[in-house]
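Paired with subunit B in one complex and with subunit C in the other, subunit A is shared by the two complexes that follow.
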Partner chain A sequence: MMNGGGGGGQKKRAPRIEPFRHRVETDPKFFDKSWRKLHDAIREIYNHNASGLSFEELYRTAYNMVLNKFAPQLYEKLTENMKEHLEDMRTCIDAAQGGLFLEELQRKWNDHNKALTMIRDILMYMDRTYIPTNKKTPVFDHGLELWRDTIVRSPTIQGRLSDTLLELIHSERTGEVINRGLMRTTTKMLMDLGLSVYQDDFERPFLEVSASFYSGESQQFIECCACGEYLKQAERRLSEESERVSQYLDVKTHEKITAVVVNEMLANHMQRLILMENSGLVNMLVEDRYEDLTRMYTLFNHVPDGLTTIRSVMASHIKDTGKSLVTDPERLKDPVDFVQRLLNMKDKYDNIINVSFSNDKSFLNALNSSFEHFINLNNRSPEFISLFVDDKLRKGVKEANEEDLETVLDKVMMLFRYLQEKDLFEKYYKQHLAKRLLSGRAASDDSERSMLVKLKTECGYQFTSKLEGMFTDLKTSEDTTQGFYASTSSELLADAPTISVQILTTGSWPTQTCNTCNLPPEIVSVSEKFRAYYLGTHNGRRLTWQTNMGHADIKATFGNGSKHELNVSTYQMCVLMLFNSSDVLTYREIEQSTAIPAADLKRCLQSLALVKGKQVLRKEPMSRDIADDDSFFVNDKFTSKLFKVKIGTVAAQKETDPEKLETRQRVEEDRKPQIEAAIVRIMKSRRVLDHNSIMMEVTKQLQPRFMPNPVVIKKRIESLIEREFLERDKTDRKMYRYLA
Partner chain B sequence: MAAGGRVRFNVGGQVFETTTTTLANAGRDSMLGALLDSSWNVSSSSPSGGGVAEYFIDRNPACFAVLLDLLRTGSLHVPPHLPEKLLYREALYYGLLDHVRAARWGAFDGDRIRLAESVPGRAPGDGTAIRAAPDGGCCVAHGGAVRVYNWMLDERRPVSLDHSQVNDAAYLDAATLLIAARERLGKRDGGMAAFSAVSGDLRHRFRVAHDRQVKSFTAGAMAFDQESRIFASCKGRLNEYGIGVWDRVTGEQADFFYEHPGCALGDADKLQWLDATNALMVATLFPKADNCFIGLLDFRAKNVVWSWSDAGVAASLDDKRVLHAIAMEDERSVCVINQYDDLGFLDLRSGAGGVRWSSRSKLMNRKVPGEESCYPKLATHGGQLFSSMNDSISVFSGPEYVLTSTLRRSHGGAICDFSIGGDRLFALHNEENVFDVWETPPPPII
Partner chain C sequence: MHKLGRGSRDKVQQFMAITGASEKAALQALKASDWHLEGAFDVFYSQPQIAVANTRHLEELYNRYKEPDADMIMVEGISQLCNDLQVDPQDIVMLVISWHMKASTMCEFTRQEFIGGLQSIGVDSIEKLREKLPSLRAELKDDQKFREIYNFAFAWAREKGQKSLALETAIGMWRLLFAERNWPLIDYWCQFLQVRHNKAISRDTWAQLLEFVKTIDPQLTNYDEEGAWPYLIDEFVDYLKENGLVQHRR
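So, the complex of A and B:
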């Protein structure tokens, strides 16, 4: 080992002990020779002339250089050398004209990459040993860094590169076709050089240019386009940008460019677009433009506060249209039409939300609260809704099949839910139901009962218990009537008219002022027999005839010989029976002998004498109004195609103003005990409570039925204090105490 | 390339023939991979005409034979006459060193490991800690220096932080070593720093600032989470006790969790990041004044989400004292050990509750700890639990943690620390600072 090398034993002096040399001196020109070899090889590699090179030899050369601790110099030389090659490349790229610039850049990039791989192969040993211990950049990455600094970020190329890319994108945006493959490879190169290179050298300017492009474009569009048109454009632009990203940009750019387009095209013009006159959201809603609405919803979903804005505009539009609908005096004339319009409106918006707003919960909530708001603006809404149901459930009005009816009723229940004064609805519903049941005009028992079930599920048992009582009454009445006929001998009733009695429990039915009239003697006799039978079977009851609610079928033979069966009310029957004994009667005579209240009698005479086609009586003079001295006689020329003729009553379906006032008063009266009950319930459990809390809790408890008036609650509290259910706290007057 | 995929090598005069598929096992990143790559063989139609490409390599043929065998079979067989270091050097030339390391020993299994090597220590003082590197190397801290060994157990340059007493060392990755050191009175040294495990160079010094003022500190135990953060228990001069948090990439201080009264954090003996729980376990077992404390810190809410303390439990010296703690891998419980080598468990899912001591000490012939004893240590790996006591390490397996193996060797004295990593177990002995390397042998042939 000691003498093995060239430098070791040149001067031999016998007695001196040579110091032991650990390593043989290497050739002083070792580094230069070795580097020359690598240098030449690298040149051949860059010249695409690597076929003559021996990898093993080059690898061994580099290995030996590292082994002899020349790695730092080798690294330095390599850097220098690569830089030279890259500068040559830059000159070529600089020289490339116009459209060839990107292509040349691409070609050189490929060359460099390929060369770099081979250089890395040669210096692999250095990569494994010297690089990690000295925190240097590995050869391949170092080569990329050099490319970045020498080419991509050189003053001649940096600006030109980003300008070229942005120009190409601009021309693609304006509809030209560009070489996407070249774009892709170029952006890929930037990404390969590191995310920061892509972001700083391309993405940031790209986003800036895009922002100004779309800001300009949106300005231009918004001046001349309708909202729907504009949104279509925005949608197209958004999808174009996504496609661009998928074609030749980094995935992470997607979110950023989308944000730019959304911001420039939508967010900046949000108010103007949504509120655009003649084409904005309101117009889309009015014209049911589902497609535009869907587009608006999906686009503004990207914009902060976008959906909130759409929702509030929609809600205020619904409130406005709803308000004008419920307060239009024209609409108040026809309750059925009024409710039908409400239902149509509800359907319309349900559809829009379902189809265009992806059934968004918050939109449904806005819809509901808007309806709740405007329906209660008109205090007749409860009455009208009940009338609407009455119209649907009455026999013969419309022969709708039961399934359709079911869906209509379900929809009505939606409206019912919006009502604040549910007790008022109950009141009207009871009246209307009573009328239906007593006049035998309830279309179908099933539908009636299903409506009851709906109300019950909505408001609880208490709400419908009395309504159910009405149904029970009818059922038992039928049985009682049958029992009456079964127990009374037929001789006793011979020739007497057949009667059917409906026994109504007081309290279950809407209270009516009891207007008795003088019944014809035939009827009186049979009804007295019934009374005897009924009181005989039921102890301690009182029976009162409600003559204003009955109806009768009478057979009539007219002077011309035609025979008809007339379906009339009890009052009308009383009037007609008079003509069995007289030919002509004046109004006063009729009034005297029947004792029917004047208003009812007039109405009943009008329906007998003045309704076209159903003129059973004739009136002299032939005017609409009935005076005391007007005379009536049987119309001998009465004809009808039908054997059975139904004589309607000229009835005011809708309540007249005084009636309305009366109902309102009655409702207010009914509310008092309910409010008191609520106060007592609350106080019983809480014992002591301050005024404000009581008000709050009472309101909360009663809200499902009606909105109690604070003044009324206060009065009820006063009344309860008077009656010693409650007392005021002696020290704090605002506190109430429950007295057991 | 060559016809039939055959390749002929002339290595130092000896001819080998193999196939391109065998050589593909070397990978493109190796010298052999590059040698056969198409970019280096553009026009090499074999001049000999035999259809077989021949390459000359000026290296040792005996080693090439071993490495070629490794590429063929995936297993390493070193003939007795061939020095391992020679093989490693040749493997580095071909870029196959990682292949050799991977084939050198098998996947870690506490019940199959064998003593592979004993490395004599050269440190003057007692060792404080041994840490396994992810690649199978290790480092041993004694006194003011840390001795670093690569996986071939060659010693590298020792590392020190101003020669301050080292409290803890940890491998952030195979090439980066963190050191926590004590601050000496009057000198603004100590603290925590990152070193290159390869060259021993100082890479970064971690700073702690209180009220925007950088303060010197003593770092105790260290831990880091999966992605971004490094934690260390810190003691400042002016009672700035707590857990420091640094960003792993930038090395800048990210947070500081000041200790509340009743939970000692500043002189914690063990930190452990619980990934699933997203919390840091802090165990302070040798407190100066307070009681033993184990707690989980949540850094998002900045609170202690779970804690245990021996306040009122350990009254006299003979009582069971918790000496080491480790959170189990399922993060459901913390395992603790006392001076009698009893194992105990603390439930992490329920709030309070004492240590459930297992009855292991009754099974063992309980030996009153003599003078030679060291504090017991715990470790978990792959579902197994390891505990050191005196001169042996016990291995517990299965859901019930049944004792399945005992690792012991004849000399070296009590084990003062051990560590598992890179599929190896390193045990540092009290006497002579010798450390043992335990490895799992390659699986049997059949």
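So, the complex of A and C:
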């Protein structure tokens, strides 16, 4: 309408053009109509009738609603609507009986998911615009929440669901078959609803129920099962639970359920199982039950302190067995057997640890310290080990090939390492080696040297330097003997017996007291010639014949015509040669002529007259003991299959008690200067040191050779104070000071 | 003396003549008074012991007891001396006197030891020595002095040329010394030694026993095995425990 102006002279108003406004009638029914469309569509969707719907139209409807600012109401209506549908669903689910419960639940859940997908798509615009800005839950998630609250957490369903699941699991545990697929989808549903739903509504009760189940089962089994059986069961259950998790539970549950089984079946009964009489760890070790042991190790690896317990039980057992072995008087009768048993025991446990305990270092260490503990409980161990080596080196490659011998010697070195009194071993080894070398009984030079190398590697140069000296002496002696024969005219030596001389350097060989012995004149003659020769080339030396260490080969013709070559000791030779001039001799006469000390002479005569197969002499009376008036004759009936007969090789034997005492005393004496040297060395470098520290340092320094006795160390310290090498500090009596 | 100037030497001579003191004491006194003779006299006389010493008397005394054909006082002379003092030769005061004398061996005194000793005690006659006896005995009550006397006793009681002290002598000395100190375990100690340890006693053991007596209580409650005691003492403790002579400590 245009306003016209009236009168004259009024202002003119510029005409304005305004945009054409459509007079849009806001349809008051717009929202309701739109919603009705969606509402019906949703119903159809839930009724599996979605195919007839037009996605485009529905989307547009929702879009318009949002555009017209009806989003909040839409959201509200949606919520209400979905709730209604869910409540319907719930009724159905509630109505389902027994086994059909889960099926129904699953069916409805699938339906709901499908519906939600479609609904979300339809309401996508709202999802993208209204929801983020107003911080509302997106449609899909919202739908899940509604499911959770209306269905899963509804009072009728929540308990029932949890109980059903747990019952099914329980059935499966007791051996029944269940529908695993259904289980999987159900737990997946819970996971989809959120980790806390899965955990609160299922996992926690599951773990609780499992704990009491396994607690019960473990009680039951432990009353009636042997350890091995029980462990098999535990292993079975563990793998069963693993499988369960992979089949129909969430992967995060694996660790937790394993912990429950381990705790209930293993940790709670650990002591009882491991220590079970007649079937526990000890029994398995004794019987080498590798499979059971492996299982025990693997299972208890999961338990805190499990392996520690196994290890310490094993260690005590080894110590106990070892202790009874080394203290058994029967076992001490045969040193070689004794050591062989130790080696066998070591092999046994090496195997067990290798096969069943995956070579666990801590177990190997426990084995070593147990061995070290009990081997030293018997103070004859050093002697016996030396005797064992002696035996093996005498037999040499005859019995075992070179490789085997090497292996055995290496294993013996393991035992050697356990010895605390290595210096005692050294003394014995020297004695035994001397006997071997001098009686020509060392079977293989290579093996002897190999053993020396092993000892040197283990203990250092000083340990073996004297031993090597012994070998050198023999070599040199060979040369000297050759030289003697080369340079002495054959006339002089015409009828003399051939001698082979071994010249032993006093320091290197074990000290022997030399006894009296009258050698046969033939021997005296040639040996004196040798002495002259030797002293001619070596000024200032002194030679003493060691008649208790030599041997001789004698050609003998017996009354029955048999001829033999007898290999005898020097003493035996002296005795036999007497019979060249007498047919019969009494003990007293023999003693007088030979001047051999009584004990040795008696032993010598016994070996010539009383040993079956070697009776070159006859004794009257035939008794074992030798009385002064007993008579000896040559045994003219002597026979032997072999031409060469070895008589009474004086093999190294374990010492008699008085000898043992003497050796020990010597060793103790040798230790005193070593202890003093250590004390002086330490004090020289530290200048001032307190009592306890000295004790510790000295022990540490001497340990590779022997364990010094603290009382002896103390006495040495006092002796050093007396001799003014050390003094006590004036103010602190526990401190010592080095006096330069 | 040779290092001193003439004037100083003269002073020393004078001083010795007037006071009868030894050269050492004279030097000491003069040095202390910065070489003033009068001051030195003060110093000298203010030391109570030296006050009355007179060298000539001491010479006479020595000659009374010395051996006729040796320059030493030996057993007879000592016996006589004890007689004159009205004291048993076994009396511990003789040990104290020997200590003052710095005697090197028991039952003998050299001239110097005798004279020097009496001087340091501060007496020059038998009567005065007799008067001093109680105070000499009292010296044993002093901890420090007792220790010195105790340690002195070892070397003194030794046989000449020996490093250790014979057991019998040691036991005798110990009984004497510890009677003064009242050590309850003395009898067990002597018993133990006679039964278990028939050898001489080393210096270290001797010295350490005193420490043991002083620090360890008779019930051995504070005895520490790691306490660096000589092994003989460790064995003694074992002996006591084995024979139930001390309460079992836990």
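The rule is short, and it goes like this: the second predicted complex is superposed on the first by the 705 of 740 C-alpha atoms of A that agree within 3 Å, B and C clash if a C-alpha of one lies under 4 Å from a C-alpha of the other, contacts with A are read in each partner's own complex, and residues count from 1 in each chain.
What we mean here is this: contacts are C-beta pairs under 8 Å (C-beta built on N, C-alpha and C of every residue); 3 or more make two chains touch, one makes a residue touch a chain.
This one's a predicted model, so the numbers in the text were calculated from it and none came from an experiment.
Colleague: Touch test for A:K715: subunit B only (first), subunit C only (second), both, or neither?
Modeller: The answer is second: A:K715 touches subunit C but not subunit B.
Colleague: Let me test your reading of the model: by the given contact rule, A:M118 touches which partner, first (subunit B), second (subunit C), both or neither?
Modeller: Only subunit B is touched by A:M118; subunit C is not.
Colleague: Is A:N692 touching anything from subunit B or subunit C once the two structures are fitted on A? First, second, both or neither.
Modeller: A:N692 sits against subunit C, while subunit B stays out of touch.
Colleague: Quick one: classify A:R60 as touching subunit B (first), subunit C (second), both or neither.
Modeller: first
Colleague: Under the stated touch criterion, which partner chain does A:K614 make contact with: subunit B (first), subunit C (second), both, or neither?
Modeller: It touches nothing on subunit B or subunit C.
Colleague: Of the two partner chains, subunit B (first) and subunit C (second), which one does A:A50 touch, if any: first, second, both, or neither?
Modeller: In the superposition, A:A50 contacts subunit B only.
Colleague: Touch check for A:K660: first (subunit B), second (subunit C), both, or neither?
Modeller: neither
Colleague: Who contacts more of subunit A, subunit B or subunit C?
Modeller: In the superposed model, B touches more residues of subunit A.
Colleague: Quick one: classify A:R128 as touching subunit B (first), subunit C (second), both or neither.
Modeller: In the superposition, A:R128 touches subunit B alone.
Colleague: Determine where on subunit A the residues touched by subunit B overlap those touched by subunit C, and list them.
Modeller: Touching subunit B and subunit C on subunit A: no residues.
Colleague: In the complex, go through subunit C and note every residue touching subunit A.
Modeller: 163-164, 202-205, 207-208, 211, 226-228, 230-231, 234
Colleague: Along subunit A, where are the residues that touch subunit B in the complex?
Modeller: The touching residues are 50-51, 53, 55-56, 59-60, 63, 114, 117-118, 121, 124-125, 128-129, 132-135.
Colleague: Taking the complex as given, what residues does subunit A use to touch subunit C?
Modeller: 690-692, 711, 714-715, 718, 721-722, 728, 733-734
Colleague: What residues on subunit B touch subunit A, complex-wise?
Modeller: Contact set of subunit B toward subunit A: 29-31, 34-35, 37, 39-40, 42-44, 55-58, 92-93, 95, 97, 175, 196, 198-199, 201, 203.
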